[in-house]
Amino acid sequence: MSQLKVTGITRRFGGLVAVDALDLTVEKGAIHGIIGPNGAGKTTLFSMISGTLAVSGGRIEFEGRDVTGLPPHRTVSLGMVRTFQRSAVFHHFTVVENLLLGTHLLARPTVLGSLFGSHRRFTSADLEAAEEILCFIGLADYRDAAAETLPLGHQRSLGIGIALAAKPKLLMLDEPAAGMNRTESEALMQLIRDVRDRMGATVLLVEHDMQTVMGLCERITVLNFGRKLAEGRPAEIAADSAVIEAYLGLDEDAQAVAAHA
Amino acid sequence: MLEVRDLIVDYDKTEVVRGISFEIKKGEIVSLIGANGAGKTTTLRTLTGLKRARSGSVLLEGQAIQGLPAHRIAGLGLAHVPEGRGIFPFMTVPENLEMGGYLNRDKASFRRNLETVFERFPVLRRRQHQLAGSMSGGEQQMLAIGRALMGNPKLLVLDEPSLGLSPVMCQEIVRVLTELRAAGRTIILVEQNARMALRLADRAYVLDRGRIVLQGRGRDLLDNPNVRTAYLGLATAVSAPASPA
Amino acid sequence: MAVERLAARATARPAARRNVRHWPLLLAAVTAILAFAAPFVLPTYQTELIILFLMNLVLVVSYRLITTTGDWGLAHVVMMGAGGYSAALMAKGLDLPVWLTVPLAGFVAAAVAGLISVPLLRTRAFGYFIASFALGELLRLFWIRLDVPFGGIRGIINIPEGELFGHSLFETIPYYFFALFVAFVCVGIMYLLDRSRLGMTWKALYSDPALAECVGIDVTHYRRSAFMIGSGFAGVAGAMLAHRMGAIDPKNFDLITMLYLIIWVVVGGTQSFWGAMVGLLAMTFVFELTRPLLEWRPLIFGVVLIFFLIFVPGGIESLVGRLRGWIGLLKRDAS
Amino acid sequence: MDLATFVQTFANAVISSSIYALVAVGLALSFGVMKMANFAHGEFFMAGAYVVYVLYAIAGHPFILAVLCAVPIVALMGLAAERLIFRPTRDNLLAGFMATAGLSFILQVLAGRIWGVGLMKRVPTPIMGAVDFAGAHIGSQRLVILPVAILTLVALWLFLNRTRQGKALRAAAQKPEAAALQGIDLNRMSALAMTIAGASAGLAGALMAPVTPVTPYMGHSVILMAFVVVVLGGMASIQGAMIAAVILGFVITFCTTLFDGVIATMVGVGLMALVLVVRPQGLMGRETV
Amino acid sequence: EDTLDIGFNAPLSGPAAGWGLPGLTGINLLVDRINAEGGLDVGGKRYKLVVHQFDNEYTPSKALQGARQLVLEHNVKIILDVGGSTGDAQLPFLTEHKVFYAPEATADINPKRPYIISGADYFPRGEMMRMAYISQMYPQAKRYAVVSQQDATSLVGQAWEVGAAKAVGFDVVYDEFYAPDTTDFAPVVTAILATKPDIVSLSISWPDFIPLLMEQLYQQGFKGIVAANYIEPEQALQRVPADWLQQVKAIDSYPLFDDPWWGDPSAQHDFAAKWNARYGAGGPEDLKRPMNGIDWLYTPMLQAYLASVQKAGSVDPDKVLAAFRSLDTISTIEGPTAVTGEEMWGEKNMISPLVPNNEFRADCNCKRVQSLTRFETWFAAHKDAVIAEVRRRNQMWDQRQ
């Protein structure tokens, strides 16, 4: 069953067409990768799906529901949560506070609630959930550290943790492995698999690190100039000549020839 | 020509460059490669004075330049083509080039340089009356490199010239860099596109989380299995499609 | 930048309980005793000064509440004016008693804030700063222009001071206790909000608006709620002012007054709940001490403002953090 | 409105537009170009007027000489503000803005203490009389402002677009880091911008001294309108500021004649609020760079 | 030694300082003279006069704060101020504490606030007398335009002035206010001249604005009559030629105290001489300046208060008030003065010296008193018409609550 269905989605910036009438279907429970050269429109695509960027055309359906143009806080409440390409955590807060902020949706604090009711403080259920995610992302040791002091790799995990706190049905990760070394990205791959297997969330992943993408994804879509260049299983993609030409790179010798032309 | 010793750079106490040393000899192309966030840009920014180092030294022809403001370092002959090109979007192509020759008050040599740049990048001559911001990415990259050449730099510092460029454009950049090397320019090249960088470089350094983990001749690194696994992704991906869970 | 660990308090942690500190309670008790004794031992004039201080306290704390979302505006004293005008009109025109006009004025100010937030919240940062100034000025120009019901340039005079439990609030001591009560309630409510999940959400907006949006926080909604609540309390302060002065006019709420408010906040700092209050206290002292210097006073305030912005950008509260750091260093050296 | 009144109002509007342009152009340069929002711009204007008051009205030197002195004196004040306030607060627009609000207090008090707050300072009209033009009467003194404003604006435009320093200034505004990499000294550029801003504010104040109330507080009404012009014009654009000055000059003048000054101000400020909301980048502003 | 404390709670800084600050000169002159004579003799007891000042910045809340400080800390018996919105703020407090309030202008008088002594300013009696004077001297002038800045006081002043103008038969063709922060008066004057007036009254426009308005009137070709509450010819002459000023008469109500009209010797010449010796031509180099209309403006009210204290033989406020209201004449720097005001303000708290009408004269480049008019006489004959207009504009004391 398809969980996310994007049809004919387009985004223009002035004269530039960043995403060009793109169709994309993501199956429920899949780990789906999106790759493509810099500027192919991957981040733009994410931004449109999550509602941070208006679409110039096309339609986005989530679990059968039209979500085109919904603002981000609405798409999040439907269960579509994204992370950012840059590392994004609430710098001024501690790690556990970051996770608690992620549970915002489960509470939606109101004025009266904050004064007299349940939003005065975090419930034990919230705390438990936060602690659970804390362990899940392996940051239990950093519980009360200020987020800004975490090493980059941990900040990224925290970013994913914040997203997980909102109990997503579809988790959209933008280059989560960027800046990670092999060990870290191996751990990340495990974490992402766990998210799918244990939390039951669908994962949509943008990543330049081929090892991560090829190792993790069941299906990969390749974008180029805002259009779909290829789609298929990792092995098919790795062998696709169009993909090699546009993204993975020309044959070494061919490039050498080009360099000396 | 340029020597970097034990450079440490941080942002708000997070060290991102953790004590690196390297050198560039006259007439060489030296590449720095490394993953996203490895500290390549930060290193370059420190060389050209956009960022202050916590400690360490940078010597240009024996003269210490660390801690000088960027405009002074530019005056010493370092030309930096920054990440994202940094062209002046609301100025025309000649105006942008004029800024590249800002420190060169000699009209005649300015004209000569302008002519050379136009000859090297004929596309810029064709775009003369256009605002730089409205040109395509590749053209903008040409402009940025051309602008850097306007000041007759001793050392050209290029940060990801292929960023956001289509393969065709990348090849164009490769052509230009090859030509520049042939003309005897000294260049530091930072690239995400490790394959391209290693191919062009006489020597290369591999940066991982702020440290230099490997160095050597470009060709040698290209064949290094560790490099192939870590930075050329493709090799392992093709050979081992589905890595075990 | 001093970072406040708010959730550390909002989350009931056993560790924190075991380690109960006594001095805050003690401080509160001493303050309470002083507050009750003050009007009986101090000369009337000093008591009047404290009344003024209490009104300003509500004003400054409510301004700080809005700034926790990252929105620094120039309309806050105009919102105070909205409260002042509505209290005046309700007391004069509708003969409403004080205990009604003051809270109602708060609601009216909040409603006005809700109205102008529609265009205002489309802007951010410097745009917000200038737009809030423009919209506030527009409101003030309405008061200036409309003789009915705002009394035009002349403002509203003979505002009943009202009475409470048979005491005329015209007298200094009853009004003092009234002001004390109102300030206590207002500051208390804002304190609770600051510590609540709502307060945390506001601060998250300041920390990273884009990320906040992506964890499902409706940024505009929460910016608006902070703006309306902050403005509401400013309105309460305005109502208190109107009843105390017996007359208000558009000049009470002009840019100069707003700049003084900003000075309090900048001097104190906005990171912690107490910073702005400390700033107000410090500047009130400076204000009274420099009374003999009369015509030089704005200059002194200008110098203080520049000094803090350049040398102590975090305000007095940031000094506390630095002091702790130094003390910590000393202790470590000593041991 | 009969024809004679219309013609007269039109003439008034032309003059008042040129005044707005002259006052706002320095602000547009420092704020729009170098991101220094100078709240004390109005007080710089006041300082220009006071120089004329001191040199011309009190000391009896020729008016032209007083105006020529006002320009460098206020330019120096701009330079000082850049050094002492904007440089330390460079990456915080708001802090610089608030700090210059403090500066405006300081300058007001100083002017008041040195020359008295009392009644308005008397600055005699250097060129008495009026010129009749197509049925409109315009005071000769005001008429001087028109060519000076046009000349100043043209000179500034030429400077920015034709000279090496002017282009460097634009470059520094568009991409500060890239500019530094070309050898452009950013400190020098912002000092230059504030010097020019000070000079033009001083010039405007000096020229206006004989036609507007000269008091330590005269900057207040100037700064509001100057910001309206700059924001309306799109914060990064000198041309935008000029167009906005003309729009505002006409709107305010006609509203004042038709209704009254308060309504005129309301319309002016309301126009700016509307523009901020509908087109936050201003009339001539560009999309984010 | 007993002291009698006097509060000067007026704008000493800020844009309105011009109305307050200079007033200290006249007050100091008067107080020093009395103290030099050994203090104020009240029923045989001598009081030393002490002046305490507070800068209210012409802001209501500050004014109330000042009143509280002056009364509660310094025990002042009378507070001098400009009046208007600052008066509204402090009067409930002052009334409660039975402290006298002395605003220059009379509009603060109201039966609910009995402890007021006001009226040194000719406002708004001068405004009415100018209308009377013009209609009598220049009967061909018919079309009348009036404008002043939009503030609390001018709303009242213009109401009485327009009432008088209608009562003497002028056609009111223009009757508006301009914003107090106006920097460009050209459009204001264009709007006025569009109505083709014979008389343009600048009413109680601030002294600062008068020359700027005149300059525009001159430049835009006005040739009728110009009138205003207070004109400084010296200032006007820096902007318009003397023959134009003569042509438009430039009529105002503030006299010069060195005007030969007063005769020699006279209290007025005496005051002018003493003031000039201390603050004017004879004063210290860095301070000296010409005397203006605010310098002496607070002294008549203080003189009235002191005279009432002496008559009451006590500083008890109620006795002083009773004495004040029963005084036949008080001698002030403006000349002998009666106490009136019931019909205009509902209460008899206004001192009412004779109102001068001055015109500009090119021969001396100065203004000269043309007539001294007794307001009460004229008002008795015209009050119904005038009051009707004031009522129509909701500016009677009982309407301004």
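Read from first to last, the chains carry the letters A, B, C, D and E; within each, the first residue is number 1.
Following the convention adopted for this analysis, a contact is a pair of C-beta atoms (placed from the backbone, for glycine too) under 8 Å apart; a residue touches a chain by one contact, two chains touch by 3 or more.
Composition by chain, UniProt nomenclature: A, B = ABC transporter ATP-binding protein; C = Amino acid ABC transporter; D = Branched-chain amino acid ABC transporter permease.
On a predicted model such as this, the values are computed, not experimentally measured, just so you know.
Peer 1: In contact with chain A and with chain E at once: which chains are those? Just list them.
Peer 2: C
Peer 1: To get from chain D to chain E along touching chains, fewest steps?
Peer 2: 1
Peer 1: Shortest hop count from chain B to chain C along touching chains?
Peer 2: 2
Peer 1: Once you find the CA centre of chain C and the CA centre of chain D, what distance in Å lies between them?
Peer 2: 34
Peer 1: Which integer distance in Å separates the CA centroid of chain B from that of chain D?
Peer 2: So the centre of chain B lies 43 Å away from the centre of chain D.
Peer 1: Find the geometric centre of each of chain A and chain C from their Cα atoms only, then give the gap between the two centres in Å, rounded to an integer.
Peer 2: Centre-to-centre distance between chain A and chain C: 41 Å.
Peer 1: Check each residue of chain C and list the ones that touch at least two other chains.
Peer 2: In chain C, residues 144, 295, 298 touch at least two other chains, as defined above.
Peer 1: For chain A, write out the residues touching at least two other chains, lowest number first.
Peer 2: none
Peer 1: Chain E: which residues touch two or more other chains?
Peer 2: Correct list: 12-13, 150.
Peer 1: Following the definition at the start, I'd like every touching pair of chains, please.
Peer 2: A-B, A-C, B-D, C-D, C-E, D-E
Peer 1: Help me check something: in the complex, which residues belonging to chain B touch chain D?
Peer 2: 48-50, 69-71, 74-75, 79-80, 82, 86-91, 95, 98-100, 102-103, 133, 147, 151
Peer 1: In the complex formed with chain B, which residues of chain D make contact?
Peer 2: Residues 164, 167-168, 170-171, 174-175, 177-186, 286, 289.
Peer 1: What part of chain E is in contact with chain D in the complex they form?
Peer 2: 12-15, 17-18, 21-22, 150, 176-179, 181-184, 186-188, 190-191, 193-194, 207-209, 212, 215-216, 218-221, 234-235, 238-241, 289, 292, 294
Peer 1: Using the touch definition up top, name the residues of chain A that touch chain C in the complex.
Peer 2: 50, 52, 71-73, 76-77, 81-84, 88-94, 96-97, 100-102, 104-105, 107, 109-111, 113-115, 119-122, 127, 144, 146, 162-163, 165-166
Peer 1: Which part of chain E faces chain C closely enough to touch in the complex?
Peer 2: Residues 12-13, 53, 55, 58-61, 64-65, 68-69, 72-73, 84-85, 88-89, 92-93, 96, 150-152, 155, 180, 394, 400-401.
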